[in-house]
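Pasting a structure here, questions to come.
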Amino acid sequence: MEQQAKNFDVPMQVEAASYQYEEDASPAVDGVSMNVPKGSFVAVLGHNGSGKSTLAKLMNALYLPTDGRVLVCGMDTAQEDEVWNIRKHAGMVFQNPDNQIVSNVVREDVAFGLENLGVPHDEMIGRIDDALSAVRMTEKASFAPHMLSGGQKQRVAIAGVLAMLPEVMILDEATAMLDPSGRKDVLKTVQKLNREKGITVIWITHFMEEAALADRVIVLDQGAVAMDGVPSEVFSRVDEIKALGLDVPPMAQLARELREKGLSLPAGILTVADMVKELKNTLCLSK
Amino acid sequence: MPIKVEHLSHTYMQGSPFSATALHDVNITIEDGELIGLLGHTGSGKTTLVQHLNGLVKPTEGKVFVDGIDTSEKGVQLLEVRKKVGLVFQYPEYQLFEESVIKDIAFGPKNMGLSAEEIDERVRFAMNQVGISYEDIGERSPFELSGGQMRRVAIAGVLAMRPKVLILDEPTAGLDPAGRRSILSMIRDLHAAGDLTVVMVSHSMDDIASLATRLIVMSKGELVMSGTPREIFKQQETLRSIGLGVPQAAELNHALLAEGYDLPDDLYTLGEVRDAILRLAGKDVSEC
Amino acid sequence: MLRDITLGQYMPGDTVVHRLDPRMKIILTVLYIAIIFCVTSPLWYIVPLCYLLFASKMAGLMPAHLIKAVKPLRFLLILTFILNLFFSSGETVWVHWGIIKITQEGVFTAIHFSMRLIFLVAGTSLLTLTTSPVALSDGIEMLLKPLKVVHFPAHELAMMMTIALRFIPTLIEEADKIMKAQMARGADFESGNLIKRAKAMVPLLVPLFVSAFRRATDLAMAMEARCYHGGEGRTRLRVLKFIPADGWALVITTFALLATIFLGKWL
């Protein structure tokens, strides 16, 4: 097969991809197209069963599209001989922290991917140390996973992917089973990797407050893209979001209700800080 | 049927090098008809506390009285306690095991030694309470259902024991917004129908703000606050210091107060804050 | 609580015995077993006894640790002893009482076989007390590697052991939780006869199996996503290396074996 040129500027290209679990079933992913440029942080939002997990699995050749195609750094996931290369470039973190850690020592788990890739022993050690320090887990390197909190386990899983030096990281509801502090912790870790190491992030979630922090939000419904835009634009469409079984941030909801009552507030209010800032421009400060 | 917790302490693995204090000198009384929100960080002792309330875990020190029964007394009938206090665990769908939904819900009533008619009657009633159809879903395997439906079946399994107190440990964990909303409104309906005291463990402030009549806040094994949501959410600094947040409405309320706006200081629902802002907006702009 | 139990009987430490290469420790254990089987008379257990005492001293273990390891076998031991005592045939009758006949040979065999059992268990537990389960599975994998020519799945076996070790604490914790959840629904795991108790396990075992299968599916997916494709072309983070002490241990153990054979043959 002809070698395709690697495309690192757009490490994830989904071109009208569909996926059907069974031949007669309705497609779980239905003609999705998206290009994710290098260094961006894209949130994929959708309710349970909207197809977001299936889409994630199309993104590193765990599933192959039944129609259309998916390109990871320019490599078509349907190319069998590139599959390990594709999975190395597009690392994946799953939902359940317990079910993706293979080894019973943290640093050995981080090594797992490197061992599979046949990385030489000496190089491995440096890469493991770097990955563990990037997720702030150096101190727990010799711990058994069951001694860690959910958030820490997810950070170990992230380190395991990070050590493979991926271009894109796909996090498939990586925070869904965590408590609020674990959730914040994992999100912060990934944001930092995105900013400092330039790793492209595809963050799959049903928490709108997480999606609100992305550069771009893609909302899935019935396997197809229902909305696509920057968070402030997407979340100002309150009724559409709700009709898709999702929530809007409380402040977006409040802004809408205030607007209905005649207050003139601009679009794109998502956080408490946004709201305070805008209200200061609108309200009379009575001392 | 009140539950009284007096000077309750619990230490896991006492006397071993792994010993860990999970609860320290906790005192609470749960009155009939309350809907209590039990808040706290992971590891604050919430789960250990609720497991004491139906005798699954015994106090190391202190006492727990359920309807006057001392759960740590020798020879106590724990089944009696468990009939009165139903406990729904976190991710309760993982405990389903029977071949049909009906059989699974019947497990509790069966353990209580009830007659077949009584069991069937209770299964129907419990399924109705959680909003799943006896006719359509009853004969299906619980493992074929969606996550949200499985959770309802699991809750019905506890409700079928007709407890006076229903305790739910993180009932919305892992659900998407629509699933979360529907479980919360189900809990609201269960409580509103009367007769049922509810204790809901949660770390989602927004979930709990709209439901609870009283909040209990735990931190590091101790009970640190107890009061109405209005009283509790007013104390934002204390909540933050133990790693908890407040509903965004309460946060906005405080932020606006700090900016010098003239608002009450104890608002915590979006509706209240909206109305307060509208009152401000209604003032004559020329005064500014 | 169930989840606080320690895994296996490994006692972490930093002694020379702990540092020995796991491959060597497995070989030494095999030699040690050979020693036990070469002992011909109860008296010559003095050799493995000295060997064990020396090894456990070097490993920083008390004899009490070894005794504790043997303890669960006490019923089997008593049974072995009694059977051999009463049912061995022999010429020198010591006690004859109705159908019961105790002979000199019977007493010797009873002591001999009981000692053999005690020394087998005590010695092998020395291996598990000083070697972490991970190191042990590494050692087994490396030792079995040559068998690959006959398609023996050494790598797969070791991977299975690693995963089992990883998930045992998780599943124990889960079993604890499911058990409590069913108890909250009035399940009774503690009373009744054997059949009733076995039946009572169904509500625990079904969810546990369902969960184990779900975890297995998830894990397989996660392993594939991290490029796992069997043992082919794989490098290892943990590299086993023989140290000089391994050589000395081998010499000492071989000497003990030869001594036992010598004592049995010529004395």
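In this document, chain identifiers A, B and C correspond to the written order of the chains, with residue numbering beginning at 1 in each.
Rule of thumb we're sticking to: contacts are C-beta pairs under 8 Å (C-beta built on N, C-alpha and C of every residue); 3 or more make two chains touch, one makes a residue touch a chain.
These numbers come from a predicted model, not from an experiment.
> Averaging each chain's C-alpha atoms to get its centre, pick out the one most distant from chain B.
Following the centroid criterion, the farthest chain would be C.
> Is the number of contacting C-beta pairs greater for B-C or for A-C?
Answer to which pair has more contacts is A-C.
> Could you state the distance in Å from the CA-based centre of chain A to that of chain B?
Centre-to-centre distance between chain A and chain B: 31 Å.
> Report the inter-centroid distance (CA atoms only) between chain A and chain C in whole Å.
Chain centroid spacing, chain A to chain C, equals 45 Å.
> State the interface residues of chain B toward chain A in the complex, per the touch definition above.
Interface residues on chain B, with respect to chain A: 41-42, 146-148, 173-179, 203-204, 206, 243, 245, 247-249, 251-252, 255-256, 259-262, 270, 273-274, 277-278, 280-281, 283-285, 287-288.
> How about chain B: which of its residues touch chain C in the complex?
Contact set of chain B toward chain C: 12-13, 16, 18, 51, 54, 56, 79, 82-83, 86-87, 89, 92, 94-97, 107-108, 111-112, 143, 157-158, 161.
> In the complex, go through chain A and note every residue touching chain C.
57, 60, 62, 84, 87-88, 91-92, 94, 96, 98-105, 107-108, 111-121, 124-125, 128, 144-146, 160-161, 164
> For chain A, which residues are in contact with chain B within the complex?
47-49, 149-150, 176-177, 179-182, 206, 208, 245-247, 249-251, 253-254, 257-258, 261-263, 272-273, 275-276, 279-280, 282-287
> With touch defined as at the start, can you tell me which chain C residues reach chain B in the complex?
1, 4, 174, 177-178, 180-188, 202-203, 206-207, 210-211
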